Amino acid sequence: MISTFEALAGQLADVGRHCYERGWALGTSGNFSAVVRSDPLTLAITSSGVDKGLLEPRHIVAIDEHGRVLQGSGTPSAEAALHLAIVRSRGAGAVLHTHSVWSTILSDANADGRLTIEGYEMLKGLEGVRTHAHRERLPIIENTQNWPAAVPRVEQTLRDHPEAHGFLIRGHGLYTWGNDLAEAKRQIEILEFLFEVMGRKRGMGWQP
Amino acid sequence: MISTFEALAGQLADVGRHCYERGWALGTSGNFSAVVRSDPLTLAITSSGVDKGLLEPRHIVAIDEHGRVLQGSGTPSAEAALHLAIVRSRGAGAVLHTHSVWSTILSDANADGRLTIEGYEMLKGLEGVRTHAHRERLPIIENTQNWPAAVPRVEQTLRDHPEAHGFLIRGHGLYTWGNDLAEAKRQIEILEFLFEVMGRKRGMGWQP
Amino acid sequence: MISTFEALAGQLADVGRHCYERGWALGTSGNFSAVVRSDPLTLAITSSGVDKGLLEPRHIVAIDEHGRVLQGSGTPSAEAALHLAIVRSRGAGAVLHTHSVWSTILSDANADGRLTIEGYEMLKGLEGVRTHAHRERLPIIENTQNWPAAVPRVEQTLRDHPEAHGFLIRGHGLYTWGNDLAEAKRQIEILEFLFEVMGRKRGMGWQP
Amino acid sequence: MISTFEALAGQLADVGRHCYERGWALGTSGNFSAVVRSDPLTLAITSSGVDKGLLEPRHIVAIDEHGRVLQGSGTPSAEAALHLAIVRSRGAGAVLHTHSVWSTILSDANADGRLTIEGYEMLKGLEGVRTHAHRERLPIIENTQNWPAAVPRVEQTLRDHPEAHGFLIRGHGLYTWGNDLAEAKRQIEILEFLFEVMGRKRGMGWQP
């Protein structure tokens, strides 16, 4: 397991710096995780308070299903409870959370609590999507500073949107996940691209 | 021929990563090809499903005029039929296909199935154009998930627009081509620049 | 002290080139400082007229509380008086001043002399902020070419806004500060991110 | 003289690739020159048709006051006549010409043939400007494909605007100049920054 954790820590640090470079995880924002072992669940996750432009493997800790640190030093992100909920609910192998300009803007734009994306070829970059005619519905969750208490609400949202590849938190950012880190990273890029298209169109008077 | 294929595979990988860096081929989007030999036709083309930020020469395969793999491992892009049609119709030596934010936006903006660009000095970066007074008309083709079946429609569009240096696919992106990869890459940059100018002007209330 | 000055000079040069790369300190714009010693006050600060893309440790000078050069060659920035005032008023360990497109735009947008930012998760990247519900009020100061004379006005503004993490100068840019350079750099990124979100929303007809 | 030419060729190649990276000289657009000797006038200038992302010192030629090649191989830019006119009229040591998105947009926005920029601190990055209250008036010249014939018109425009630090060509881009390359490069960055501020404000309904 140690070698797996170390390999994932390196990959998570790479993904984190990449997101920083793209402007999706400025300052200490964003957090990133990958499953080291399923049973018992062990999750490698970024520790709290690290500048993502300086993220190194030593900033990754391993936690158990209750969020307790098993390996590494540092405090796991306050949103670790969300990562664990997504892994449980979706069987994800990796969970990525970013704070981009466009996801922040669009998270605040839809009163009905959902962002619908439809008709774009880029949608085929989402796992299992085979056609641009796909309609992706991303739920928008209200922000909180108490994620452990909000976990039941997030789990219900995930059950209500079984097809969703991610969700937005209002005024906050994006969560997406995948079977592995490469898939989750690809989905971040796909969704950020589509957010930028929709945000810019809205600026022109189109409605997304 | 092998050395030519290997050289082109290296150049295609470079172009692909460059487009990824510019944000024109995020995730696994985009595909790129160059003619290895004209008779019988052999085309070097990106294989399907590769993250373009990680594109390497080993991700390029050689295919024949029917899209069958001659060299390398991997599945050619599902849009290989489009690349072959463009090579046949235009005598192109290289074909580049990108998914940018601005081409996606503009592909959806023109009900008459055409994007007209006129009066910009940058137009002179397109092969054979000698004056900014040039009027470039890029046809907009409807998107599909069955490109082999759509080839006759694309060929007809190319015949209907003998002067066009590229075309857009609605909600999808840009195709352009050139006598060689350098020319095709230059045209990608020229057209993407002009799309950004026109898209931003439209956001200001100008009409392109 | 010499080793501290040299270490800070290296870190200030890194921060300056980073801001240049992000487009926040183009040309010779922007200036950056860090406290070498508190008593008597010694401040490491960028010298005037240096292209921030080429900033090197040798472009940093040490000044005393009156702005007189103690170490290094070069003229301290004309805005050194502002840096010293902020260090005195806030007990800051580092002061960063950038000229970005969005801070320039937003500095001119609010007639009441204040930019209010509220409801964004990213606000938690500001020192001491624990919730997205935080309301950040950044005062906007009129621009001048005589900062030594304007120091009392700036000090009054800082007293009037004891909770503010920075201020804008109209048509000019942003000042922020922190206990150390890492904190001040993080706040630059947080505030620039929020400016971009608010500026783009305003372009869409939202009011910040 | 040879060593000067070689040094300037290296610096021009650096500036050209920098402008390419910033998106101000995509494809083969843009051209750049610096004075090697004043009497008789010898100008180092980019040769025509080179991808600015691949610009090397060997792509720079030396020309005389009539545009004849003195050193190096390649055809000087078709706009060499403009560079020579600016050197003569302004006594410039370096002339830079870029094609950016924002300069292209703003060149088309002002019916009265002039872009006025006023009230920004960044204006102080222009040579000799000491206050943000400076009013910069950049004339806008109509585009042509015959610059040798247009030289008298350009010279008249320069005489009519003795204080201008540059001019725009409609639908085409920016010319600026300086006593040396560093000054001209700084002015490119200053003016491009201000174009972006003004263009984005205009997109929001402000008038520049």
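Chains here go by letter, A, B, C and D, matching the order in which they are written, and residues are numbered from 1 within each.
Assume a contact is a pair of C-beta atoms (placed from the backbone, for glycine too) under 8 Å apart; a residue touches a chain by one contact, two chains touch by 3 or more.
Predicted model only: the values in this text are computed from it and were never measured.
S.K.: Which is it for copies chain C and chain D: same residues on both faces, with over half shared, or different residues?
M.R.: Chain C and chain D contact each other through largely non-matching residue numbers.
S.K.: Which one of the chains is farthest from chain D, going by Cα centres?
M.R.: A
S.K.: Using only the C-alpha atoms, find the rotation that maps chain A onto chain C and quote its angle between 0 and 180 degrees, to the nearest 5.
M.R.: 90
S.K.: Report the inter-chain centroid distance for chain A and chain B in whole angstrom, where each centroid is the mean of the CA atoms.
M.R.: The mean C-alpha positions of chain A and chain B differ by 32 Å.
S.K.: Using the touch definition from the top, which residues of chain C touch two or more other chains?
M.R.: 203
S.K.: Quick check of your reading of the touch definition: is the inter-chain graph here a line, ring, star, complete or other?
M.R.: ring
S.K.: Touching pairs of chains, all of them, please.
M.R.: Pairwise, the chains that meet the contact rule are A-B, A-C, B-D, C-D.
S.K.: Per the contact definition, I'd like the list of chain B residues that touch chain D in the complex.
M.R.: Against chain D, chain B makes touches at 119-122, 125, 130-132, 182, 185-187, 189-190, 192-193, 196-197, 200-201, 203-204.
S.K.: Quick check: in the complex, which residue numbers of chain D touch chain B?
M.R.: For this pair, the touching residues of chain D are 23, 26-29, 51, 99, 101, 104-105, 108, 143, 145, 169, 171-173, 199, 202-203.
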